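In what follows, subunit A forms one complex with subunit B and a second complex with subunit C.
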Partner chain A sequence: MIFRARLILIIVLTIILGAPARALDIDVTSFTLANGMEVVVIPDRRAPVVTHMVWYKVGAADEPQGKAGIAHLLEHLMFKGTPKYPEGEFSRIVRANGGDENAFTSQDYTAYFQRIARERLELVMELEADRMHNLVLTDENVLPERSVVQEERRERTDNDPSSLLAEQLDAALYTAHPYGKPVIGWMSEVAQLTRQDALDFYAEHYEPANAVLVVAGDVTGDEVKLLAERHYGPLKNRRPPEARVRTQEPAPVAERRVIMRDERVSSPLWQRRYLTASSRNLSRREDHALSLLADVLGGGTQSRLHQKLTLEKKLAAYAGAWSSTDSLDSGSFAIYAAPNPGASTAEIEKVIDEELALIRDKGISQEELDRTRDRSIAEAAYVLDSQESLARIFGVALTTGQSIGNVMNWERDLAAVTVEDVAKAARTVLDLRASVTGLLLPANGS
Partner chain B sequence: MSMLSVTRAIAAAAVLLASAISAQAFAIQEVKSPGGITAWLVQEKAVPLIAMNFSFKGGSVYDPQGKEGVSEFLTGMLDEGAGDLSSKEFQQQRDALAFRMSFDSGRDFFEGSFQTLTRNRAKSFELLKLAINAPRFDAEPLERVRQQFILSVQNENQDPQTIAFRNWMKEALPGDAYARDLNGTVETMAAIGADDLNAAHRRIFTRDKLQVAVVGDIDAVELGTVLDQVFGGLPVSSSREAVAAAKPVMGPKTVVFEREMPQSVIVFGHESITRDDPDFIPAFVMSEILGGGGFSSRLTTEIREKRGLTYGVGMGLSPAERVGLYVGSLQTSNDKAGEALALVREVMAKMANEGPTQAELDEAKTYLTGSYALRFSSNSAIANQLLGLQQQDLGIDYVERRNSLIEAVTLDQVKAQAKRLLHPDRLIVSVVGKPVGLN
Partner chain C sequence: MIFRARLILIIVLTIILGAPARALDIDVTSFTLANGMEVVVIPDRRAPVVTHMVWYKVGAADEPQGKAGIAHLLEHLMFKGTPKYPEGEFSRIVRANGGDENAFTSQDYTAYFQRIARERLELVMELEADRMHNLVLTDENVLPERSVVQEERRERTDNDPSSLLAEQLDAALYTAHPYGKPVIGWMSEVAQLTRQDALDFYAEHYEPANAVLVVAGDVTGDEVKLLAERHYGPLKNRRPPEARVRTQEPAPVAERRVIMRDERVSSPLWQRRYLTASSRNLSRREDHALSLLADVLGGGTQSRLHQKLTLEKKLAAYAGAWSSTDSLDSGSFAIYAAPNPGASTAEIEKVIDEELALIRDKGISQEELDRTRDRSIAEAAYVLDSQESLARIFGVALTTGQSIGNVMNWERDLAAVTVEDVAKAARTVLDLRASVTGLLLPANGS
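For the complex of A and B:
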């Protein structure tokens, strides 16, 4: 069994980052500062290091019309300096203290993190608190960084047909909701973004009440509380936090299909995405039923799609499914397959549709549910090995309207799911009117 | 200027910190099994997991002519049936036990990565033993995995980074084993059969070439038993012909693979030193200042930060068993390719002529020493590091010694390495795209 195709790598990553946290046997502390900033502390005493993350409840889906990419450009610009720590100082100080750092932006959140020796936690808190309100931007540092982002878009998206298709799938799946535009932005809009656009977005969203601090590592909740109150506590909210209301997606009425031919494509790929509710709009049982449905259909070598398409019919080199509900407004349920040389996407699609009809009409067996759930619970232990992964799970949950309880009670909630819940999930989600089917084809292929 | 004094205080603190945390937070034991197999062990009870990384010296450079990719093919077959278990039975049991097992075929080492829940370790190690001692290569999984590899090779053949790097290797090491298509071609993957996989299995899996690192909830006595269980049945050694040291050629030379896309992918570099070079550490510090990770290297500052020409540029030492290389890459708009490459040469030349400043050296040292601990922050990360140290023959005390080696590097040493190792006028350059401005 091999997983080397690029699409698979992306999907596996999505599952790791996007799946609800697995059962957690850890002693998490959480509290809220007087200014509204939430704090989560996850102990990991194995090495004298900490992961320090500040998550803002703002992402690409919160951008004003015509400013696609400003959330991500601002993420880049957050390294450009303040009066106290001018350009380059933030990164220079982190490096000089033996730390690594980076940042990332999604539709719903923007996060900044450092991994550093535990004695340096206060230092990175001081730096991160300073840039929450004191960023200074000039055309001299904004314009080259905008060019960097344009190169990033060319590198990650425009140079890669499967990324271009993924962007088109989102654009087709969402007719009104901003999830239909890419996080990095359309090139035509990125090219027009200005220093003032970035400053406006910054002033509107970078506030302590709109931020979540997650610290994982060799540190106690009391230690973090003391330091957080010292450095983040004095920050005042300059405007009251606003509800995150985006244009709602209207009820879907039409099946969509996106076909992309590109001479850089050597072999076809078939994929389909269905709209689902998001975690915060689902009961725990509904949410976990969706992830179990995805696992039964396409999670690993015992799954129905692997057994049918790859082993029995020998049509696909690989096939799978995943569910991601870790977003604020809506989630995705996805299925994908790569035809073997000689097989067509049409043959693949026919068999997949038969399998989907079967699971929608007949549901799953108790044996499938038990086996799939047991494996999920066993696999959950591996997340304990990475403090950065743990920190990310809590950061994603708290910036997408979920609770710490959702994360901590994962195993209990998963155990409550019945075969009826999974059957109901299949009937709800597998509605072609709420779907887009995407074909990636060679330039001269069929 | 109060800011400056704050910064100096922070930098001074960092030097103290670096020496404070260089004392490692874990103990590495050398374990010798009753049957004579050695492993490095870090016992760590905090999480209910065991990570085992192992490798066999002699990677895909030993793939026979015309069977390039056979080691790679083998990596995909070791969970497809072994001993009495069919592919289906093996994978069912693996999923039920929830262990993780993967293999990687590198140029110089064939590597395995294995993780199990502590509570399932007995059965999981038994399946690992089967996988590496008695893989079956049954016809059904073999044909299925072949299709997967052929698709994978076809995709790689379209990937601009892969094409650029492959072409670079063919120019820098013409005719060499390293420059062959070691992930296989459509033709070689189509031609490989069970006999070839069996031969590769016999060649690779022998005890004399084995190195093992284990981190997790297991003690030395139990590990000794596990080592004999998993690896004790392998042959002691196998014969194979030595591959002669590689003979790289120097540039200047530029090759372009023309392709319609918005950006050019540019790979550049030339010969360098291997890991056993006595000056490797000062050379490594120099390369970190010139093109290392983070936002502060000279190449990143000049090409990304000041001019916005690329999302990322890096250049670093790439030491292999039979050759040392110094390779970098960047991607930029086609119309900026000439400008970006000229800047690479200019930045390299300045470093070769003048070396870094004392401040740059000091910062690089505090970063490298302070961040070393970050490489050891999970069981699987520690196992990975410890295996790498064994592969490079650096000794079990290297984790303790490493930061003092970095601390001892002087400005004169780094300047000497810059002059010795950087040859901007002799770069071999491989481009994929429609570059403008390359002469």
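For the complex of A and C:
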């Protein structure tokens, strides 16, 4: 499964990184095993279940030249079995014990998780530790899975104009950085991936020192430590972990536009993305100011874009904005709107550019800031009801160069943001030279 | 030196591939040495000099992930000397013998050449053969040269808005293929290149079976064969040559635009590039039809765009078009125009799009075809006066998957092109979904 960071994670993350202290006022335990594997334990005693996640600090942006899609294909292949638990056993055992499981790949991380009864934690830990080093791949199980991924690409991207455009926008926004390459890979490269490519990528990146264990649920730090040392502790790193060196995106110099006309498109969509720094390269104030700026502009019905485009001018069916800084190297600040029948993307863009100029020049009011802050606090409560979301937040933070403190100190950091911080964020991020504007249009629309 | 294929080679190539039979009615000899090195000999007895070129079938598009610029840096480093001829000796000997030399790197090939008195041919051959396998690199000679290349990038690209835009256009036109990466490399990667990176690239690609020797001048095939077997013959391939597998560019789905505003720009420039197939993937008729289409549209003062934009509407200071298919994987079809003071790029674009619609719908006249064909034949004569150009044509052809026949049979192929072929070429290539339009504008211009 490809984790649609921009569609899911952002919402979860911006909110959670902004979750009320109440919600994160938990006795989170973290420690590192002798082999370098990081462990985070998040008590959640509301039910006798645990969420067990192993996150690898490797994703599509770490793929070698010509092997686009290998990180995601390997995620699929991790279910192909080991000498001890042959193909199908892992999933069968999890299901037989009343659990469920899943996995996902992003540009920066690949994660595997199970949710299961607390007394079965050791069982899934043993299974996950086993496949960290003992995966067995054969052409017989790799090639059919590669076809599955190719079909996945056809269905989710090639047959979906909005996904195709999203791919084009990334390709245009990043001139050099691998974030411009889709997580699922280019078809011509996926079609060439081999068993050996997968084994090479596995051998290079699937190591305890390159992994983070996150356990949330009805369990204590001491219990997890005992089990983690028993099952993950004995794993040796086959090589010293290497720094994740990636191409730096050159300083943006030109506004880009992508215009896609497709007869499969019934109603047009206008989008813009600006390149931003990532959380690890932003101060907490700057990071939260970006997410608050996005919310003021396009978060919910009180937001400026919704008020102006949807209610006042009735030009758009919907409009919104989001900030995603939860990546290792760079983030995106996005704005989108869907014109009503009869309205054109050009009209929409004109109004949006006026609103952006306004917020860049005049900033926002204290009342807007307070209301927006309260809103994200309120929304956080819902998200935190999910044990999986809770675990996910820590996994994402620790695989994208952020600290547990980023998550824990959320409320203090959010509270510190001033209207000046948000105005500064607007002046910094809303630079057309660092942007791509995308139009998704019906064959003959505008 | 980075070979500016789009600015020089195209002109040379389209014209030469369209050179009169008279011009290429030469007794060209070609053969292959036992170690797989191809040899082409082009007699030119107008002066007692020879042009000696060794072409390697490797360029920037063959670089590994994260090593952008290594092909070009290695070209610089090839002058750092061997045990037999220490740093500086190669160039000193060539100069001392009244010769000159140069080298260039493109996406598909890297070439080294000397022009020298005919009786010195064996001397330069011995020098070139020596450095194919015996290059000595140390941090002391690599690191300063890397700084030279970084400075070259600063001067030629970063400080030149039109070069910066050209880089952005390539990045936008190619979503997946390495042609989207500049030959000189991204600064952040060039800055990280090491002696070992250069040695690895050298060991992988600098082999006789991966090289083409082209000798033009006052020499016979038998003489060259004798010398080539003596000096290049003994070189053994250290590994079997590998196929040049590169990412396939996905089928283009969206029109792209790049708008660059720069206070260093005094007058605006409008450009468009369409992705095309490359010579090796086009029939001779299709290939020549593209170059004739470019000439009808924008070749010289009789061309449609010059007549319409410059003479009739007086909107542009100049306007032109070219077709470049001399690459391994794909080509470009380009159109450009410089608005006169007072005219906008939007006005220019409107007129150009009208002209493109016209030629796509109505094609061209026999008179236009004949006139354009005659013009390229006439121009070819000048180019063929240059022994270096002559040698270069064969080197480019043989390192981009073309045959000697492509060059030799030029006149027959050009003569076979009909107005229908040109109309078909227009309908095929002029598809906005496969294009990028670039605007280079003054800080506040349009």
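By definition in this document, the second predicted complex is superposed on the first by the 423 of 446 C-alpha atoms of A that agree within 3 Å, B and C clash if a C-alpha of one lies under 4 Å from a C-alpha of the other, contacts with A are read in each partner's own complex, and residues count from 1 in each chain.
Everything that follows uses one rule, which is that a contact is a pair of C-beta atoms (placed from the backbone, for glycine too) under 8 Å apart; a residue touches a chain by one contact, two chains touch by 3 or more.
Note that the structure is a prediction, hence the values are computed from the model and not measured.
Enquirer: Figure out whether A:Q248 sits in contact with subunit B (first) or subunit C (second), or with both, or with neither.
Expert: A:Q248: touches subunit C, not subunit B.
Enquirer: After superposition on the shared chain, which partner residues are touched by A:A68: those of subunit B (first), subunit C (second), both, or neither?
Expert: second
Enquirer: Which partner chains sit in contact with A:K236 here, subunit B, subunit C, both or neither? Use first/second/both/neither.
Expert: neither
Enquirer: State whether A:K181 touches subunit B only (first), subunit C only (second), both chains, or neither.
Expert: In the superposition, A:K181 contacts subunit C only.
Enquirer: Can A:A117 be said to touch subunit B (first), subunit C (second), both, or neither?
Expert: It touches subunit B, and subunit C stays clear.
Enquirer: Count the residues of subunit A touched by subunit B and by subunit C, then name the partner with the higher count.
Expert: Here the partner covering more residues of subunit A is B.
Enquirer: Which partner does A:R256 contact after superposing on A: first (subunit B), second (subunit C), both, neither?
Expert: Once the two structures are laid over each other on A, A:R256 reaches subunit C alone.
Enquirer: One more residue to check, A:R371. First (subunit B), second (subunit C), both or neither?
Expert: first
Enquirer: Please output the residues of subunit B touching subunit A within their complex, sorted ascending.
Expert: Residues of subunit B touching subunit A: 3, 7, 10-11, 13-14, 17-18, 20-21, 25-26, 44, 46-49, 51, 75-76, 79-80, 88, 91-92, 95-98, 100, 115, 117, 120, 144-145, 147-152, 154-155, 157-160, 259-263, 265, 294-296, 304-312, 331-333, 363, 366-367, 369-374, 376-380.
Enquirer: How about subunit A: which of its residues touch subunit B in the complex?
Expert: Subunit A reaches subunit B through residues 1-2, 4-6, 44-49, 79, 84-86, 88-89, 91-93, 95-100, 115-117, 119-120, 123, 143-152, 154-156, 158-159, 263-267, 300-302, 310-311, 314, 317-318, 338, 340-341, 371, 374-375, 378-379, 381-382, 384-387.
Enquirer: Name, in rising order, each residue of subunit C that touches subunit A in their complex.
Expert: Within the complex, subunit C touches subunit A at residues 63-66, 68, 164-165, 167-168, 171-172, 175-176, 178, 180-181, 186-189, 192, 245-248, 250, 253-262, 432-433.
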